[in-house]
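Paired with subunit B in one complex and with subunit C in the other, subunit A is shared by the two complexes that follow.
Up next, the complex of A and B:
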């Protein structure tokens, strides 16, 4: 195996366009935007369905449908409809992260011990207080699981951006393949894998900070 | 005072859980609702704090219809304890106890300070304050549940099978402590249990419900044991009710003879006897001693432990018979 592309300091120059740090930044940019839009759409829907129990079939089917949808195919479809640019990439990646976030938000809420919710109401919490002070904090561990899953998927899949002319670590794979530079392809694969691990570690840290220690082991 | 006025609850699906219940739970007293499983105890209790709405009839607290009060404010003014404690797993013991005061507008700091005192009241040291519910035993969780219900010093407490999830030894201990606490606090308590012994031990009054949600009898424990209203109550109360009713009768008036034939030490204390009684004990204790002691004799001692009289099998039987007349 040839690590020369990865270890060449010239490829780590932040100021050079197309350098590894630059590609990491754009890769993270797509990832964060997709997670943000995905969460904005999926969290309210998943929480609402989980809280009320209305429309559970949506949450369950969203999970299944999402898993079977090919992101690259969706991206190509979007490009033919909308033309090249950031928007089709963001749509494809957002569609990818919606199912795990929605399903876990739903499952997290469903999992909340109803006796505890009952006690909260019985003590005089109003519905909004029950939701924000009891149900949400108790649903957080499961919700984090789904969010981390979505983050892993999108970090791995954001490489498709390069297929439609954008940046991200996919550039190393596609350009490397185009010119038979396998050292570059290897560098892309390694950096994507490392980035996925780092992002997951980062989210694990956040989880430790925001999830109550009392919920450990549940 | 909590008043049930001709309260009916019919669930959708047609089950009548509570059937024309009229009942008064006196202020400052512990009233136990007891009956077989499914007889509507929980439903009755939860209509008091509006967790369930009656189909018809009214429930009044000190003359005010609960249906006309703000739901959340009403509930904050009523302590609520449920079977598995229902503690918030994501909050520390201290913050669980502080819940209602915070809802009522106390700062977290004030509420926590007060919570420390409450933990002590229910027999938990300050070491428990920072723990999470999952790190407590069932009995400890139940204590926290009681402390949490007491935190805002509500005049009324509702308790649904508060002691039934713990083992008998812990339960007996919780009973004793709880009675002592109630003696200090004098809350108006409605407690639900399916355990008639618990009802008799704890209740100032006992309401026996029968399946179908009808009131079978409302009486003091003593009255319930002495005069069950019908066969249902009699069989629910149990076969040894005669003996158990003796636990409400003091031995103070029981005549004794001078000690005779009992070996005593220099201080006049009986030697080698399994048990003795005092004037403060109940007739049930004396009966038990008389039955279990080898000679059929129970010895009474004074405050200093010195024997001051004895009573035999026959004398006790005569006394019990004379009380009947």
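Up next, the complex of A and C:
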């Protein structure tokens, strides 16, 4: 094990292009964009299916099919169709994060105790109020689980961006392999793993802040 | 991550397979044929096998008894086989062979075909020699689309200097850090690109990026048939930044005689980068049998 690449201070200079902090920023950039687009697509669909119970087979099948798509293969296909750039990478990573977000949104909504929903209706809440004030807050713990799962996957997989000429921590892995610099490959692997743990801890913290105290432990 | 680990594991397994299944296990049959007897080896990629087959057939037409031991592996493996006598002839590339035989790397300034050959002759393993080198080269190039070449009037890498700051280049990730890459381009030619996209070395991603205009300059290898197919223009390298990689026969002295030398030198005299590219494309693109393509090369060049 050779940690020299990881411990060299020159590789931690934020102002240098290709330095580790720089690559972490671009890596987090791809991750956040993929999570944002994934959530924009999957959350409304998942909530609708969960709230109405209509089309649940879509949620289940899209979840299963989406999980089995190889991201690198999809990325190469997108690059062939669209050319190089950020767009093919974002599409491939967004497809990766949709299944966990979609299925957890659906499952979270379905798991809300129907008696509570009935009680809310009985108190005169409108459907929109039932959704936003009762179902959504109660579904949050499960939905967060799916979101964290998706975030972990995308942090680990965003390394593929480097295969098509973009940045991110995959640069350390791919360039390191190309020039037989295993110290660099090791640095990339360690930083990706550490980043995945940190992102998950950060999301766990957010979860503690936004989930209603009344649901803790459930 | 998982994928990269799997790829590494697979590569290791493959290497291990290559090491265990010894392609040199059975000894070459001794032969008393009048023209001599040669065991021809090759590296594990199609171009090397095609060249080895061309050598083999050229020798056979001169009455030499040929044993074929192709697809041996990487240079480390087949050079050992040559030195221990399990093979006696190999198609080689002068620059890459020189680099492999020079423990301290290729001396600075040695990159033209003649300089490389002269240097190579000093470091050859005992009991081996090289014959005449051909004009055919499989080396690093900077290649542009026909449109870019016409628009900017590009013929050589020197012409790039003025326009490079507006162009995006692409190729293998290792090109960014090698002397025979972006570093040398800056030092020798003063060429600095607007951006370099690390893609795949001489691979389909780089070719399609150049075709689609995502990059304007690509680091491709000179015998890549996609250069001809897509009418790309390979820029000349007048200052010899990229070490020459001429195809050259490397032979054990004991297997050589005037008949063998004559046959192999005649092949070297006919090989050019252009014809090697087109015959190689018959193997790689048209999926023709190597023996058939080698035969066509010899008959079309008056060597059979």
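In this section, the second predicted complex is superposed on the first by the 218 of 218 C-alpha atoms of A that agree within 3 Å, B and C clash if a C-alpha of one lies under 4 Å from a C-alpha of the other, contacts with A are read in each partner's own complex, and residues count from 1 in each chain.
Heads up, the rule we're going with is that a contact is a pair of C-beta atoms (placed from the backbone, for glycine too) under 8 Å apart; a residue touches a chain by one contact, two chains touch by 3 or more.
Predicted, not measured: the structure shown is a model, and the values here were computed from it.
Clash-free side-by-side placement of subunit B and subunit C is the outcome of superposition onto subunit A.
Look at A:129: by the touch rule set out above, it reaches subunit B but stays clear of subunit C. Shared-chain residue A:119: touches subunit B; no touch with subunit C.
By the touch criterion defined above, A:159 reaches subunit C but does not reach subunit B.
When the two complexes are overlaid on their common chain A, residue A:214 makes contact with subunit B while staying clear of subunit C. Computed from Cα centres after superposition, the angle at subunit A between subunit B and subunit C reads 160 degrees (steps of 10). By the document's definition of touching, of the two partners only subunit B reaches A:138; subunit C does not. By the touch criterion defined above, A:20 lies against neither subunit B nor subunit C after alignment on the C-alpha atoms of chain A.
Within the superposed three-chain model, A:151 lies out of touch with both subunit B and subunit C [touch as defined at top]. With chain A used as the common frame, the shortest Cα distance separating subunit B from subunit C works out to 39 Å.
Residues of subunit B touching subunit A in their complex: 46, 49, 51, 72-77, 80, 82, 84-92, 99-100, 103, 132-134, 148.
The touching residues of subunit A, counted against subunit C in their complex, run 72, 76, 79-80, 83-85, 156, 159, 162, 164-165, 171, 173-175, 177-179, 189, 192-193.
Partner subunit A is touched in their complex by these residues of subunit C: 1-4, 8, 170, 172-174, 176-178, 197-199, 201, 205, 208-209, 212-215. Across the interface of their complex, subunit B is touched by residues 113, 115-116, 118-126, 129, 134, 137-138, 212-218 of subunit A.
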